[in-house]
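Heads up, the thing below is written out as structure tokens.
Think of it as A, B, C, D, E and F in the order they're written, each chain with its own count starting at 1.
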Amino acid sequence: MRFEDLNWMDVENYLKQDDRLMIVLGACEQHAYLSLLTDVRIPQTIADAASKQTGVLIAPSVNFGVSPYFLQYPGTLSLRTSTLLQVMEDIIRSAAGVGFRRFLVLNGHGGNNGAADHLVEVANSLPHIKIAWYSWWESNSVAAVSMKHNLAIEHAGWAEAFSFTQVADLPSEPKLPVKVTGLSNAIETRRLYGDGMFGGPYQVGDEIMAEVFQAALDDVLHLLE
Amino acid sequence: MRFEDLNWMDVENYLKQDDRLMIVLGACEQHAYLSLLTDVRIPQTIADAASKQTGVLIAPSVNFGVSPYFLQYPGTLSLRTSTLLQVMEDIIRSAAGVGFRRFLVLNGHGGNNGAADHLVEVANSLPHIKIAWYSWWESNSVAAVSMKHNLAIEHAGWAEAFSFTQVADLPSEPKLPVKVTGLSNAIETRRLYGDGMFGGPYQVGDEIMAEVFQAALDDVLHLLE
Amino acid sequence: MRFEDLNWMDVENYLKQDDRLMIVLGACEQHAYLSLLTDVRIPQTIADAASKQTGVLIAPSVNFGVSPYFLQYPGTLSLRTSTLLQVMEDIIRSAAGVGFRRFLVLNGHGGNNGAADHLVEVANSLPHIKIAWYSWWESNSVAAVSMKHNLAIEHAGWAEAFSFTQVADLPSEPKLPVKVTGLSNAIETRRLYGDGMFGGPYQVGDEIMAEVFQAALDDVLHLLE
Amino acid sequence: MRFEDLNWMDVENYLKQDDRLMIVLGACEQHAYLSLLTDVRIPQTIADAASKQTGVLIAPSVNFGVSPYFLQYPGTLSLRTSTLLQVMEDIIRSAAGVGFRRFLVLNGHGGNNGAADHLVEVANSLPHIKIAWYSWWESNSVAAVSMKHNLAIEHAGWAEAFSFTQVADLPSEPKLPVKVTGLSNAIETRRLYGDGMFGGPYQVGDEIMAEVFQAALDDVLHLLE
Amino acid sequence: MRFEDLNWMDVENYLKQDDRLMIVLGACEQHAYLSLLTDVRIPQTIADAASKQTGVLIAPSVNFGVSPYFLQYPGTLSLRTSTLLQVMEDIIRSAAGVGFRRFLVLNGHGGNNGAADHLVEVANSLPHIKIAWYSWWESNSVAAVSMKHNLAIEHAGWAEAFSFTQVADLPSEPKLPVKVTGLSNAIETRRLYGDGMFGGPYQVGDEIMAEVFQAALDDVLHLLE
Amino acid sequence: MRFEDLNWMDVENYLKQDDRLMIVLGACEQHAYLSLLTDVRIPQTIADAASKQTGVLIAPSVNFGVSPYFLQYPGTLSLRTSTLLQVMEDIIRSAAGVGFRRFLVLNGHGGNNGAADHLVEVANSLPHIKIAWYSWWESNSVAAVSMKHNLAIEHAGWAEAFSFTQVADLPSEPKLPVKVTGLSNAIETRRLYGDGMFGGPYQVGDEIMAEVFQAALDDVLHLLE
């Protein structure tokens, strides 16, 4: 269940028997041919599935992340790192104040990882809470799927091309991986990456996508225990 | 159209012929029997309707606002004022950087109004942009509807009880308005307001709601011109 | 009594029998023909009158507020919203630390309202204090006076033209109200508003001004109880 | 002339022939038997005298400074250092934006000195402005007066006991200087300093005070050239 | 050459023919039996070796990083994430202001990675500079060494046990890897990790260490080109 | 002993019998012909000598300070004042969290003094700790040495020209003191000060330097008691 389908009395009742909360953290940024909200939709869909099985509540999605390198691609809306730290802290402090104790951040975007350490600082000041941070594409179980099929996970590539993130036709031919060193600024990044995909196939078969999704979902179910 | 249904190439094409953007700013807070995301759903629904008529794009919703007084109601997730200022600035600077010029913030929550002045500071530093800020329940046209029906607009009351914000049955009897002076802290606020509604009827007929919605939509269409 | 006429021992004695403090919050900004410190002088004069009747102490005035829209009018000195939040928090925390418990912020400027919610955040962390926020020109009692005389309250107009805010002769003819939508930046604002007054008469008779002042003073005396 | 006695048109006229501004920066803190606003009143009185001779305008006083060590003395209202930096930056950027070029900060309080370096950072970003910072009690000319009379300048002692800072009778006997090492917190500071004066005579003759005032005024007149 | 062995004239001369700068970013945190400054000493030693071959200058080391999880181990001195972002920005802006154009951050600590994205934001505002970020233990070339010897790289384990980071005898037996999920707070972290090492051998032979060092040095030399 | 030569177990053992910590705070800025890290090396050398006699531990040096006026001299790397406040707070809170109670900040740079008041704010929130702040060149004992030899202490002059801060030959002739009023920005500062020294002899005999060093060391030993 998502917060948006509940009122406060529902949450109060929930807290009488549970203290877990999933927080979907994404980004609004270029994903080549995929939806600008790919990084929200993937963890949101995983969260919905996990909630269905466990009943754990889902906070409203944080629809923006840290994407300064993509700011020359129209549609990217990037928070400064310092802003994201504050947003995540405010959400967790608000929820901890009424009794939530175990938090699982379902992160959809690599640029947000700097917020994880900040949440340790928050956890140091609220010693009764526990926070887990899960970035699905970095997990061992998803890596096992990609290795099994001899595929590498790259930004905006096959691994993010779920049915629910597609908003346009995808190229059928793979893209030569782009090799970059250094931290490119937004202008260089657009020049280097062109359509915004980082390399490899744009799409794979539905069965592989189902394997990826199941692997991530299993991780989340495990983390919720 | 919402960003989430587009990819960056779609936005780039849009910017060749338009430079307007609607930003839905809400809150995640107690609304008595209504959805915790009432303040998102109302401006989002208005924005969707306005977009359908005008084609103006809609950025992903900001799902959190400034609600410190409601922090003792489970489900309220409040940003500090300083956090919200940064979020709004980051979104507008990101969009202005790729060519958006005219912004309409569709605000669903009174506690967010402090961000409006901050956006003037942002506008001073980006003199080629224009920002409008619209809080539907404070508009003259919606006030005209409420006065016509001899109804006052109060938090979580009839004026927010659209079909799309209801997640539970609503009381049929009106509530005696609560009279408060001073800035109450979160504990006092919960004690004072009980179920969280501020007074008056919890619901009115669909025709009145349609009038309210149409009045706000007309305002937005006018502001988008 | 104002702090400036006291030493710390006087305040210590006061705190043995009272715990109330008035804080005058203003702005330094264009008020057309009126004093640049109009927004300080009005709440200060009300505070002085209220203190005379009640003995409640008055902190030194905050002489600057949030006025980004007026920055192209020479003499406007505007704090960023984030700065004002910090100033108000620091003052209240300092005073709460030595025993003040009940605060009444006498606000003279609309752009400062964003600080009110921040003070709720402060109050959440200091549960033994109470804060009231009073913006005289937004009060029901002052509205009753203006409605009785069929006058609208506009920036730098008749309602702020007390004897103690006048520093030059005032135009005798009213000004056609300026109609604006959107959040104008500082350059547009100056172009739109010319002399800086927003519309209506520049001045009215002394009896009306006395009514306005008395209405606000009565409000303050009531809030101090 | 002070801003409070002018409107924006007066300032605009002034800027056609001058670009100097005096900013009075004080503190609201214990000064033993003297006014809580001693650190405002002294630089304000100097500024008024200098303005009378030169016509240079005076911005509204900053009535609060950085006084964390005195927070256990009732009546002290202290800004955090970070807050003061922002306040001073905002004032100077506002004034520089409409044409002020040469700023003289008349500082009345030692705890504010950290803001001076921050103003250099501001000046680096606004290369057309010049800022001077004057702390009267640290000047060579005032030191010459105190040495001539074999007096040391200590907090809340004779050198601050002008007629216009006295709000109560002063002890006739000098106080044994308090010797302190380290940065004391507020509790220790109150224990160590008792009435808040740091040592030496509480008052001296009017002629010496006139010499001190004249020395500081001459400094300011020189800095304004 | 390090800045500390130069004066400003030396740097001015250097900038006539080069515009590269290495910045050593470390941490002061528990490393089990190894030096508290292990994360400084490793990148510093690599930088010194690279500078010897290339002549590229080295800025003074940033001796503190983001280590909130280790705050219950005495000797850990952790910056908040927000603080580190500011430190790195200030250093790079200072150096860019006098003509440095190509920066290589030699990072010794995983908790600092959040600063990398912030530097992209800085690079967006200074489009003439280029920044590279190198975390030696995450590089492909060092991974190749560890895989060749069938060793995993863990905090405070063999891969950090250079001669120049050892300050005490090391255990001869390997440690069973500790398995952790979630973001542990500082108290849990100490309980979980005991001596602070994360698992595997505490030390390996000098030849392997030389291979690791050479791999990292080669990377750095390549990045400096 | 310095932290870098210890591991966390050593610090834990130390804390069983002592709770003092020296923190070396410097700057990376132009010192004319002297090392860019002169302001680190002097307090570090004093700290090492004091530690040798007392066993008090030394935290890693803060290698950067607030030097905005010198930003046009290549090699100066300046923190904003606000950044330094955070760095110092983070270090002290980290150390206080594991049992350090008495802190001695050995400051090498005048521009850092604004951080001292911020540390009083920190101390107010951690009432069990004590902080001392020592700027060697401002001490009475060092002043006595300079007066005895009829020498004035100026930036980058003789008093900083220890054997361990020299990285180039020094001019044999003294420099005419530069007279400046106001807060100069970085461009003016470079124009005014040329080589960066502020006036007087560039060097004096070793015996005087030994006297200076001993005076400062004695101060530190006294403060550590």
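Everything that follows uses one rule, which is that contacts are C-beta pairs under 8 Å (C-beta built on N, C-alpha and C of every residue); 3 or more make two chains touch, one makes a residue touch a chain.
Everything quoted here is computed from the prediction, not taken from an experiment.
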Using the contact definition stated above, find the chains touching both subunit D and subunit F. none
In how few steps can one go from subunit A to subunit D if every step must land on a touching chain? 3
Give, as an integer number of Å, the spacing between the C-alpha centres of subunit D and subunit C. 26
Distance from the mean Cα position of subunit E to that of subunit C, given in whole angstrom: 53
Between subunit A and subunit E, what is the separation of their C-alpha centroids in Å? 28
Going by the touch rule set out above, which residues of subunit D reach two or more other chains? 71, 80, 82
Think of each chain as a node with edges to the chains it touches; is that a line, ring, star, complete or other? ring
Beginning the circuit at subunit E and going via subunit F, which chains come one after another? E, F, D, C, B, A
Of all residues in subunit A, which touch subunit B in the complex? 3-12, 14-15, 28, 30-37, 40-41, 59-64, 71-80, 82-83, 86-87, 90-91, 94-95, 97-99, 167-168, 195-196
Under the touch definition given earlier, write down the residues of subunit A that touch subunit E in their complex. 66, 68-69, 71, 80-82, 85, 111, 113-121, 123-124, 127, 130-133, 181-187, 223
